[in-house]
Amino acid sequence: MAGNSFGRIFRFTSFGESHSEAIGGIVEGFPAGVKLDFDFINSEVERRKPKNTYSTNRKEEDVVEFLSGLDNGKTLGTPLAFQIRNSNIRKGDYAELQDLFRPSHGDFTYYKKYGINSSSGGGRASARETVSRVVAGALAKLFLRQFNIEFESEIVEIGGIDYTQNKAEAEQRLQEALQNKDSLGGIIKCTIRNIPAGLGEPVFDKLSAVLAHAAMSIPSAKSFEIGDGLESTKRNGSQDIDHWEETNGTLTNHSGGIQAGISNGEDIVFRIGFKPIASIGTLRCKNKEGQIIEVANQGRHDLAPIFRTGVIVEAMAALTIADFIQAHKTDK
Amino acid sequence: MAGNSFGRIFRFTSFGESHSEAIGGIVEGFPAGVKLDFDFINSEVERRKPKNTYSTNRKEEDVVEFLSGLDNGKTLGTPLAFQIRNSNIRKGDYAELQDLFRPSHGDFTYYKKYGINSSSGGGRASARETVSRVVAGALAKLFLRQFNIEFESEIVEIGGIDYTQNKAEAEQRLQEALQNKDSLGGIIKCTIRNIPAGLGEPVFDKLSAVLAHAAMSIPSAKSFEIGDGLESTKRNGSQDIDHWEETNGTLTNHSGGIQAGISNGEDIVFRIGFKPIASIGTLRCKNKEGQIIEVANQGRHDLAPIFRTGVIVEAMAALTIADFIQAHKTDK
Amino acid sequence: MAGNSFGRIFRFTSFGESHSEAIGGIVEGFPAGVKLDFDFINSEVERRKPKNTYSTNRKEEDVVEFLSGLDNGKTLGTPLAFQIRNSNIRKGDYAELQDLFRPSHGDFTYYKKYGINSSSGGGRASARETVSRVVAGALAKLFLRQFNIEFESEIVEIGGIDYTQNKAEAEQRLQEALQNKDSLGGIIKCTIRNIPAGLGEPVFDKLSAVLAHAAMSIPSAKSFEIGDGLESTKRNGSQDIDHWEETNGTLTNHSGGIQAGISNGEDIVFRIGFKPIASIGTLRCKNKEGQIIEVANQGRHDLAPIFRTGVIVEAMAALTIADFIQAHKTDK
Amino acid sequence: MAGNSFGRIFRFTSFGESHSEAIGGIVEGFPAGVKLDFDFINSEVERRKPKNTYSTNRKEEDVVEFLSGLDNGKTLGTPLAFQIRNSNIRKGDYAELQDLFRPSHGDFTYYKKYGINSSSGGGRASARETVSRVVAGALAKLFLRQFNIEFESEIVEIGGIDYTQNKAEAEQRLQEALQNKDSLGGIIKCTIRNIPAGLGEPVFDKLSAVLAHAAMSIPSAKSFEIGDGLESTKRNGSQDIDHWEETNGTLTNHSGGIQAGISNGEDIVFRIGFKPIASIGTLRCKNKEGQIIEVANQGRHDLAPIFRTGVIVEAMAALTIADFIQAHKTDK
């Protein structure tokens, strides 16, 4: 059913498949009268583009066109619709896969859900849709500028190797994967600064729960940790308490800035783990008759998409915070 | 804002604080004509009760009374409302804490959100509200019986120790914590069997994302992993693929039964990590003047609530699946 | 599907059937720190009670019990749950109707929707559920007190007779209907004063559209008119314009206080027409075999429920405005 | 707040202003595998275009472009996004109105809501957005074809004159209004045929209530009547009952096909009254200093837009029914 929206007040509704005419979306709840910084939006889109030898060689022009909600570049308070044309459609790449279910892909599950077999190379399951998230997230960041709220992401692990400490080792692991036409995942840490206390709802819509929802909606996400995450589960309670500072805030931030589901004003910190993508050199597919068929992967995919994922993580974080900032206006 | 509901079609709306007259909720979307198995509902509530020396000594009678939606024990298709009276209210326990913010509790964040200081001992932040989740989850399980969908949970780690292998070691860790008036967290694994393929929405409402939302809404949740979770992030892609079985299904289940956000028919497997609770022997609180004040904890709390948490985890899983089962009826 | 809630931020979720243990609901989005005026709530419930010889003789005690969301009578910001026990259940009255579809009642349509035949005398279709609306509406009015927003309703027509001018004639019509065990409907006009300008959403959730939704959800509602309503449709445009006053506001209020779906600060005025209820002296029912069976109506029903409907109309208006007041906080 | 969506499962989200780059929307919940009949969609758009001397002379090309959700013209089950470029933007027409509030327009109320003064000639308040409703409604009709559900609309009154009987008289009234640069409203009746019984929710989301919401969201709507509407309010109950036919259905259809908020299988019949638009020859505007300023209306507007409104009414009806058809799948 309708499940293409994220947020309640600051709300993003997404459309588009990997090979449709365009992808894009509608952002509601952006207040009126704000001059949009289009350079910033474009720079965010740029951050998502293929970067290095470990990235896909699909050329994505990604020209963002705004369709509504603006008057001379200023927001009207009405829905901000935007599109990015899919200029570089090469359906031919996927012709061979037409009637096959790739392993660990969405082909089979989409077939079970919708009853059809899309020839569109993964369609809406493709990470292509994340460019729309980046645009919407950039809008959320622009909305949050007035509150000085900032978002930062960094790769903390690649293929199980601590990327903050052992970059040489990680580089070697990447080279090996490249040669083997294999792929690697990793972990991204995101920090949100200058967040006001009081964001989040008591029971189901805890800030941590909605951040987890946002995080796990990103393609390939496998794990979510708030604050010290799994480390916290191993400690004694006495070691995990964030004691008050005499003046302001807390001495530690084990909780990652969220207590009882509501922000306490400390930095919000969370980590998302991403699996290595399954679109590697050779794919052992299945057809509808149940036969296993080996196909050499022709699609243009990332061996280590994690280099492009940080801006998507930040986008989902920004959309989450923007919505809670709006919702918080109604608490008192 | 309104954030006390979970689910879109099979929907649970919760009410109640730790010390209000009653807690309870409303379950919508349960089809008509089903004879409710009240013994099962009560047995689920029983599973959540304090169990052993590591549990709270708060006596919770937890008599579930259904208020609506039934005719001679059969569902009418209309909202199923229920309440559990809070018979054992001892507000006096919290009198000393009246104007204090306990560390790593919701006192401060609730104050920042609502602008008031509740004398209700944590109020809605208390894990007391989870009994309502258990009742709603039991209803979800009853709805799912016709599909033979089953839920199982087990403790896989306590205080960092593998509870499936080293139970003696874990026992020792628990005894130490008990003596030190300290607390311990752990990890629970949940398995959902006989799930149909095709559940989940493509982008934001991936089944894994909504399960993460459900999971992280449980008090003290710190981490969520789907399938092999963090292990997957360390592998090569070639090692993480779930290859097709010749006959049916997949040879492995690294994905935890969800691919591209949609169930593939394999068991759904996920793990939730819980921190040790912060209500330990001595609490270094802060008052509104910014002074640190040490208070001996008088409240009745669990040292290792994880022994009671499995049924809550299953309840949230059942509510999630019930909603997707309903939503899936509209896909084709 | 889930359709028992009204409102997005200030939201009311209702439960209960005519003959269930209790009816009631949950109100979310009421800010914290407000001392509730229970006398007012009870007086609103009193306004809905059978009043005169034209009303049902069902004795409804209607004791409202609040279950949550309060601390010493002050709101906590958390869900306000309440119940009214159905003390005076006389299912026997409906035994004869067990397997019959009354004409112009919900028996047949509920059967088609849910696939079951309720023995509960109309169950959720009964106007009994409106007492919960009155309680929730009273809460909305209490929330709106700080803005001085006021609600007034009056009967403007009964059985086609202008009740503001020809009360004697209407009285005669009522006496006739009473003698014939017949029933009468009428029209209620509602005025909302001191409303701020700027409430309403541009396209689908125009304030007038949501008021219409609220109005037409009341049992027996047949028509909704905003401002001059049908009169406006007969005029020239030049006669229907609300010209500006030199100082403030407009010279006329043909629009009923809403222009382009958004309040302009003038009084909001609307009318709802109610049909005469179908529960008259003799009912020509149908059974599942398709036979017509005449039954003398034993149920306790109103001949002219419109005398009790004003407070329900105001309640729905108050719930609507409360939600838009909350939503408007996020516009700028 | 976010209020640009209509429907819960079959859901339409709209974007665009009168003078933005494009208008359009996203339709979710359309099942997969349906070959879209684009000729039909275009013919529906054609029905909304200016028709006669009483219509605006704004030339609207209205080329509908689908952006997503399709593979070779067949639906994928994913969001159907579409746009219509606003090719004929003449902002200059509105330059004189830049800082003025027209009477009985949205200029003032939008200013109060959003705090800005749009120079876009009414922006989102313009009836221009209804072309998107027509496209979405055409999609809903295509979805409903498999159920044989049909929609018909007719003008039953213009300027207070019965248009089904006295067309000559109405013609004269129209000519007069044209000469005086005045405008006329009227009443449209809509009939929905072959509707299954069982659509609608018991309390707030009665089918009649949601139809009223849909109806009153159309620009200029002033009244909504279900079935016999106001006529019913004047009758005795004994005259308003829809008695059972011996074989099937009911002898009369006073109720308009909806009883207790749920469809009974008879034709659904409702009427919407539209006021004459306020954009007549001379406009007595107000500026922000409170001065009244007379302006000759230069905008391109309809004198009798009701000739174009039928297809919009049907579109909203179709969107409503499509959503309830989807929701009904989850009732049993």
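A few remarks follow.
First chain written, first letter: the chains are A, B, C and D, and each begins at residue 1.
The working rule: a contact is a pair of C-beta atoms (placed from the backbone, for glycine too) under 8 Å apart; a residue touches a chain by one contact, two chains touch by 3 or more.
Not measured: the values here are computed from a predicted model.
Using the contact threshold fixed earlier, the set of chains in contact with both chain B and chain C is A, D. Each of C-D and A-C has its own count of C-beta contacts, and the greater count is at C-D.
Once the centre of each chain is set as its mean CA position, chain A and chain D turn out to be 37 Å apart.
Work out the mean CA point of chain A and of chain C, and you get 45 Å between them. One simple way to say how far apart two chains are is to compare their mean CA positions; for chain C and chain D this gives 25 Å. In chain B, the residues touching two or more other chains are 1, 3-5, 8-9, 14, 29, 31-33, 77-78, 113-115, 124, 202, 326-327, 330-332.
Residue ranges of chain A in contact with chain D, taken from their complex: 1-5, 7-11, 13-17, 20-26, 28-29, 31-33, 65-71, 74, 76-81, 83, 113-116, 118-120, 123-124, 326. Note for the complex: chain B touches chain A at residues 1, 3-6, 8-9, 14, 101, 103-106, 108-110, 112-115, 122, 124-125, 129, 157, 159-160, 177, 180, 182-187, 196-206, 208-217, 219, 221-230, 232-238, 240-244, 246-247, 250, 254-255, 258-265, 273-280, 284-286, 290, 292, 327-328, 330-332.
Residues of chain C touching chain A in their complex: 8-9, 29, 31-33, 77-78, 202, 326-327, 329-332.
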